[in-house]
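Next come two complexes, and both contain chain A; in the first it sits with chain B, in the second with chain C.
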Partner chain A sequence: MQISNRDDELNMYKAKNSAEEVKKHEDNCKIKSPNFLMERAAGDFEGCFYYMCNDMEICIDRGRYVQFYDFDYIYDPCVKNITPAYDLFLNNGLLDLNYHNDISNDLFCQRYNSVIDSIEILIKRVITELSMSNFEEREKKKRWFSNMLVTSAKSFEEALQRVLFLEQLLWQTGSRLVGLGRMDCYLRPFYYEDIKKGISKTEIYNEIVEFLEEAHNYYWYKSDVLVGDTGQVIILGGIEPGGEYVFDELSELLLEAVKNSKKTDPKVVLRVSHSMPVEVMNKAVGCMLMGNGSPLLSNDDVIIPALQQFGIKDDAYDYTTSACWEPLIGGKSSSMNNQACLSFAKALQNMLFEEQLDKIKDYSTFENKYFKYVKREIIRCKRLISQRRYSRNTLYSIFIKGCYQKKTDIVDGGAEYNNVGFTTVGIGNTVDALLNIKEYVFEKKELALIDVKKVSLYNFVGYESLYDKLKDRGSFFGRDDIEITSLTNRIMRYVTEETKDYSTSAAGKLKFGISSPSYIFESRNCLASFDGRKKGEPFTVHISNEKVDSYTELISFAGMIDYYENRFNGNVLDLIFSPSFLEKNLEKVSLMFLYGIEKGFFQLQTNVISSAVLKAAKDHPEEYGNLIVRVWGFSAYYVQLPEEFKDLLIKRAMENEVVV
Partner chain B sequence: MDNNVNACNKQNIEQKHDRELFICAVSWLDLLEQGADLYDYFVDHGCKSVAIYGAGDLGKTLLREFRKHEGITVSFFLDLKGKGQAIDGIPVYSSYDYATLPRVDIVVVTAFTYFSEISNYLLKIRPETPVVSLKKIIEVRSDEVWENEYANQQS
Partner chain C sequence: MCFDDGPGIRTTVFLQGCSLCCPWCCNPETQRVHDESSCDENHELYDLDDIKRQLMKDLVFWQNGGGVTLSGGEPLLQSRDLRELCVYLKELNINIVVETSMFVPTMNLDDLIPFVDLWYVDVKILDTNMCKIVLHGDIKLFEKNVAYLRSKNCKIHFRMPCSSEYTLQEKNWDRIVSFLKNYSNYPVDIFPIHNLAKRKYLQKGMKYIEFETIQADKMKQLCQCLMNNGINASLMNL
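Showing the complex of A and B:
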């Protein structure tokens, strides 16, 4: 199925979720493979997988790689937001991954081997299909697929094919947000082997380009909450255990290919460090200038120590991220990092509406009571997480390290790391509200707490001059001030205190961060807050403040937050640059980011946007089909976003332009 | 056509109410079976006097809970249609009389499907008095009991 333009992709995305479309696929499947539906109803992953591999349609075209989906085989959604161990599949034949001993008494091993058998069936079907085709490179591709069964990949191109094939299987079987992992690491041996054989960098670059195009295909199917949110994230660079920063020729080619692709995904997370060369940062900023939202910078100097303090030792150097930014150990983790969302703003709202406010006499009492309501939200999250159950996924269990040795499915704790993450939202608004309350109610005594409640209740009606005052003064959050960072850290450490002893059924620990995809979703039902935010307006996006005078102040602020213990599940400094500003100041921005690494920001992403262009795109979407923006942790075509996301980006771009 | 739409909306609201009522009732029962109740919520919030909005089955059940303990008084019921009655000695007033009634520490709304409208009305009259849905109180207590049980299991 060819998707020719953005409208087609958007329509396919909408259709994917429509009841009519789902029914159409179910009806097709009844004809093609009623056994698949029967096994699905019985919750039998292996049975489903067997019939899928036997019966799904194989479509091969003239492209460099083989990739196909059959949407009539719809799985129930299962584990998501994790990265498989691609190196297992690149460095071994599939049949090497089998259990070879007597498995007659072990159900997990039997299931495991049966899934490998089914993959073997599918691979042989692909080979047969290739044999019947008249494509020029069919013999090469037949060799690739034959090799898949019995040996490691023999070239860089072949390795990329294996990545695509594994990825395809995972997407096809209901896994969502499948990450691409540290591509420059697991592909490195194949790259240098090809270079030794005399294959040119240009040829390898072309192989990468076509790989990215292939991975981008069906992105409407892969999109999760919003179009573009596919989770296909490539991790590049990073420091080694010896302290050396590695970003080599392959890393450069991958970054260059993503930069020139002008597509929303796959996207790049670049691991950075104080020891990285300036030239690498220059390349990263050059990529950002293209406006496709890549790369997000992930600070190894902060994240690796945080992971190690959490209990992840040498593997910390091998970290990747979930779909957006949450660190995990790719290939070894079952960490689903976005299992609940805690709203700091909701906790404050609940407090204002449930407490007898006239009994609260000082700010210290107020803040302590507020934490009681935060605790309530924490309990809610913990309970939600404890109740989550996922169907077994034997396919993922094959490609996540630990499951083979433990003979345990990934959903039952088979992975080496089984920690669980939740996100938080609204910390910026809450810090501002608390500081405003402290000032207006308890210090200047200009207002009473009942006024704060009325502001929420009446959406600032009757408090218009207060609203103007709060808007004019701008946000505290993001300013380089000890009181602001202390309060932020106090709130975060409180959450740690209440979550550090929690253990999941798979003996995993909880982690959280102050970035979240939910800054619009969670804000919709939230009343006005005492930071100048009106009812239903979005919360602050991650760590951001478009009214701060300088980017360096925001960076300093981000560097003063304590990300240790379990507070490392994504903490993104979100900056907006106008294209003209970035173009004129590329090297300075590069140095500023290096400065930021030293200061200790956790992660950083950019939106390179102009409000004028965004407004024009909103009015004339047909002319701006390829305009890309950064949304929470992924890139999307602006014209495909819901209106409230578009409006928020316009607002932030305008605020940024006023200050700059 | 408008009548059909109205009838449909009304049916949806009633179905939503029934569903929420069922979930609430099950959660409340679950709490009771674990030896807990809603009383601690009110103690935590420093409540000595309570008004209950809704003089139906849920309101009466809540009154019985309060009666198991000392220290918190149910001062009155509020109800759209309840003027002049009493439930187990507790007067029932019309919600239109709220402004003239004695202040309480909290109003608990048992008609939670219409909580938004009811709380907005009551808060306009007395913004200083918290108005909380029974559904929320049950959720909060249920979570607290779960947390205690979980902590015991861990230790």
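Showing the complex of A and C:
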């Protein structure tokens, strides 16, 4: 899917660019270095990297930053969905990161230094290219790249260049979903230093704007499963260990720049807390109103204690997220947080078809037996996780803290944190199905379990009036009722029981959440479920319920879920707003979110969409090329989405509009 | 949850039963005092303890002036029971708003006057005959009750649904202007009647009248006309 999406996007590139540019690009698409292929076949990361750094094409344009990609070099998929330690590269010269002692007996250190040597070669090539150019600011840029080798960045602009350069190396070597981390934190010293030097906020804002444009460049190349899913997430704000909420001038400039960018990425995750000023929340909601899907709100008041309970102490205050939302410690984590997907709905389906249903006489027995089938799915996930193997990645090992000290590659547990995450899907549908079974089979005794099985098998054929009833009543999931939240928590705690003692080969622990990118992918082969979902229809999207006529109820529901122990790998309340509603009620929505933080939601994201516009865009995509929507945890251009994703958004928008 | 039924974020309690039957009613399921069809799977009957329990789930959202709005139907038809709820809410210092048409016995107002922070009063059909025929209401009772609220120094905010077919008929409009001039210290929100409740009528098998959509320009003119008469009028954007 990834390659075909890239082919589609390359065709789009051809449609938008001149014949001369297309020919140049096509010439570049011929593999140039046979040595690269040999080293790649041998699994030699360092060898491949060396050839690439010596050989890759450097085309420097007149933009503020130096950025270039050579699509010739195709690496195998490798570690992804993590965030490098940008501060290492901003506050040190590259050569400072070397091992300076005798490494003749240490293969890891030799590989490590060889990759740094290769980067040095590349940097020197860039300097040479700049020297040969006639750009006005070439001397400044040459200084930037010279500094890169031996000292820290000397300005905010120079720091942004280093971020782009490091990021580019990671994209170039096959990594995907490369996060941008806590930009307002690691750039803060450079920002205030520039302000002291008399550089205006406007100038710094312009530097950020151009940085975002460069980062967005070639987003189709950087995309993972769907176009737009690049993982370039900027984390802003957050509480400090002393309890103070920090969102300063730089945070504001970054948020403002993303708000005005009208692009799908980079996107923002805003860390929030009950102690945050309402003005900051107003700005966040103002950004949401632009419809570009940013920011996702991440509740420090819930997440930091959850991380600490899991065993991450002071570093918990420094958390970032994976590409979508899964908390991890950026710069120190090898946590790939999406290593398997557990389908609660599939577990229920399996039970209906394998269990002796006529022997189950009460709901309690039914639920307990259901958990046996959840356990089977958990075992499958564990097996998948334990079998995953990644080729070593010395580049990431340089920029993830811990690997240097341990002299261990990131894939072998070199990072400071090596936990692994999996996602779950279908909990909403399953909670509804279980409660419906409880009511119709065990309380009202209107149906038998065999009927539940038949509903699944025959896709509601013969049960049409039941289907209408289940659809009309709407979903339980998302209603702040104690029975519903208790069942949700029971299911989640069961998964914890079965996963808390698991240890990866790198001594990492397992974590999970109830948000997932797979609400369509995993549902395709799932039969009808007893919540009114027909065969193949998408599962509930994260924590959502468009038929609940009260946002506060959904927020309350989200606040009643227990996210502790290992249940913190992303739990997103997904709300739909019509643009007119949000515009009219911006301040009250902002307050509602603030109070929702007190209620204890984990994370919250919005889709600000109108069904009329979505339908028009589906029918006339050529007129809506810039329409942006939120899809699982990223923003995408609506017209570039597969049809089933478009249709699901239309359905959800319509349901929301009926209720509101 | 509601953003339009008063200050801040509010939780609206819709009470069953109404003394009128306005043709444009958005909540037709609340009109009849005893309506079992309202008790479908999406609606439940609540006793007072149930209501308190449900309301308290939203307590955190009522900060900064938010609170509870009593609506319906006509909440004042159940004023005696609501008094107990209001006592409970006031002990917690919760802001209380009542939305009422005022077509109720005056003594019902006394049950709630000590507790209500804001009264949203509908101003719709004030022509005596039209009021009797269309709404089945006694306009004298309405006028008496509004005057009573004023005499008790209650905070009143008028709301006027605008419909070409009814409320904006010339005779009625003149009566409304004349009435509101007498209450020029109190704000008035005017809004166009919409057809969003059509689905509910059709689902309940009730007759539904499609209302003409009043354009924004016309609404601005109406608002200006009221202001020219010294009335503190604003357009309400639903």
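Heads up, the rule we're going with is that the second predicted complex is superposed on the first by the 629 of 660 C-alpha atoms of A that agree within 3 Å, B and C clash if a C-alpha of one lies under 4 Å from a C-alpha of the other, contacts with A are read in each partner's own complex, and residues count from 1 in each chain.
Simple rule for what comes next: contacts are C-beta pairs under 8 Å (C-beta built on N, C-alpha and C of every residue); 3 or more make two chains touch, one makes a residue touch a chain.
Because the structure is predicted, anything quoted here is derived from the model rather than measured.
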First (chain B), second (chain C), both or neither touched by A:R524: neither
Touched partner set for A:Y595, first chain B, second chain C, both or neither: second
Contacts of A:S386 with chain B and chain C, given as first, second, both or neither: first
First (chain B), second (chain C), both or neither touched by A:K361: neither
Sites on chain C touched by chain A in the complex: 1, 3, 8-9, 11, 41-42, 57-58, 60-61, 63-64, 66, 199, 237
For the chain A and chain B complex, residues of the former touching the latter: 353-359, 376, 379-380, 382-383, 386, 450, 453-454, 457, 501, 503
Chain A partner contacts - residues on chain B that touch it in the complex: 45-47, 105-106, 120, 123, 127-128, 130-132, 140, 143-144, 146-147, 150, 154
Contact footprint of chain C on chain A as seen in their complex: 469, 472-474, 480, 549-553, 556, 584-585, 588-589, 591-592, 595, 598-599, 658
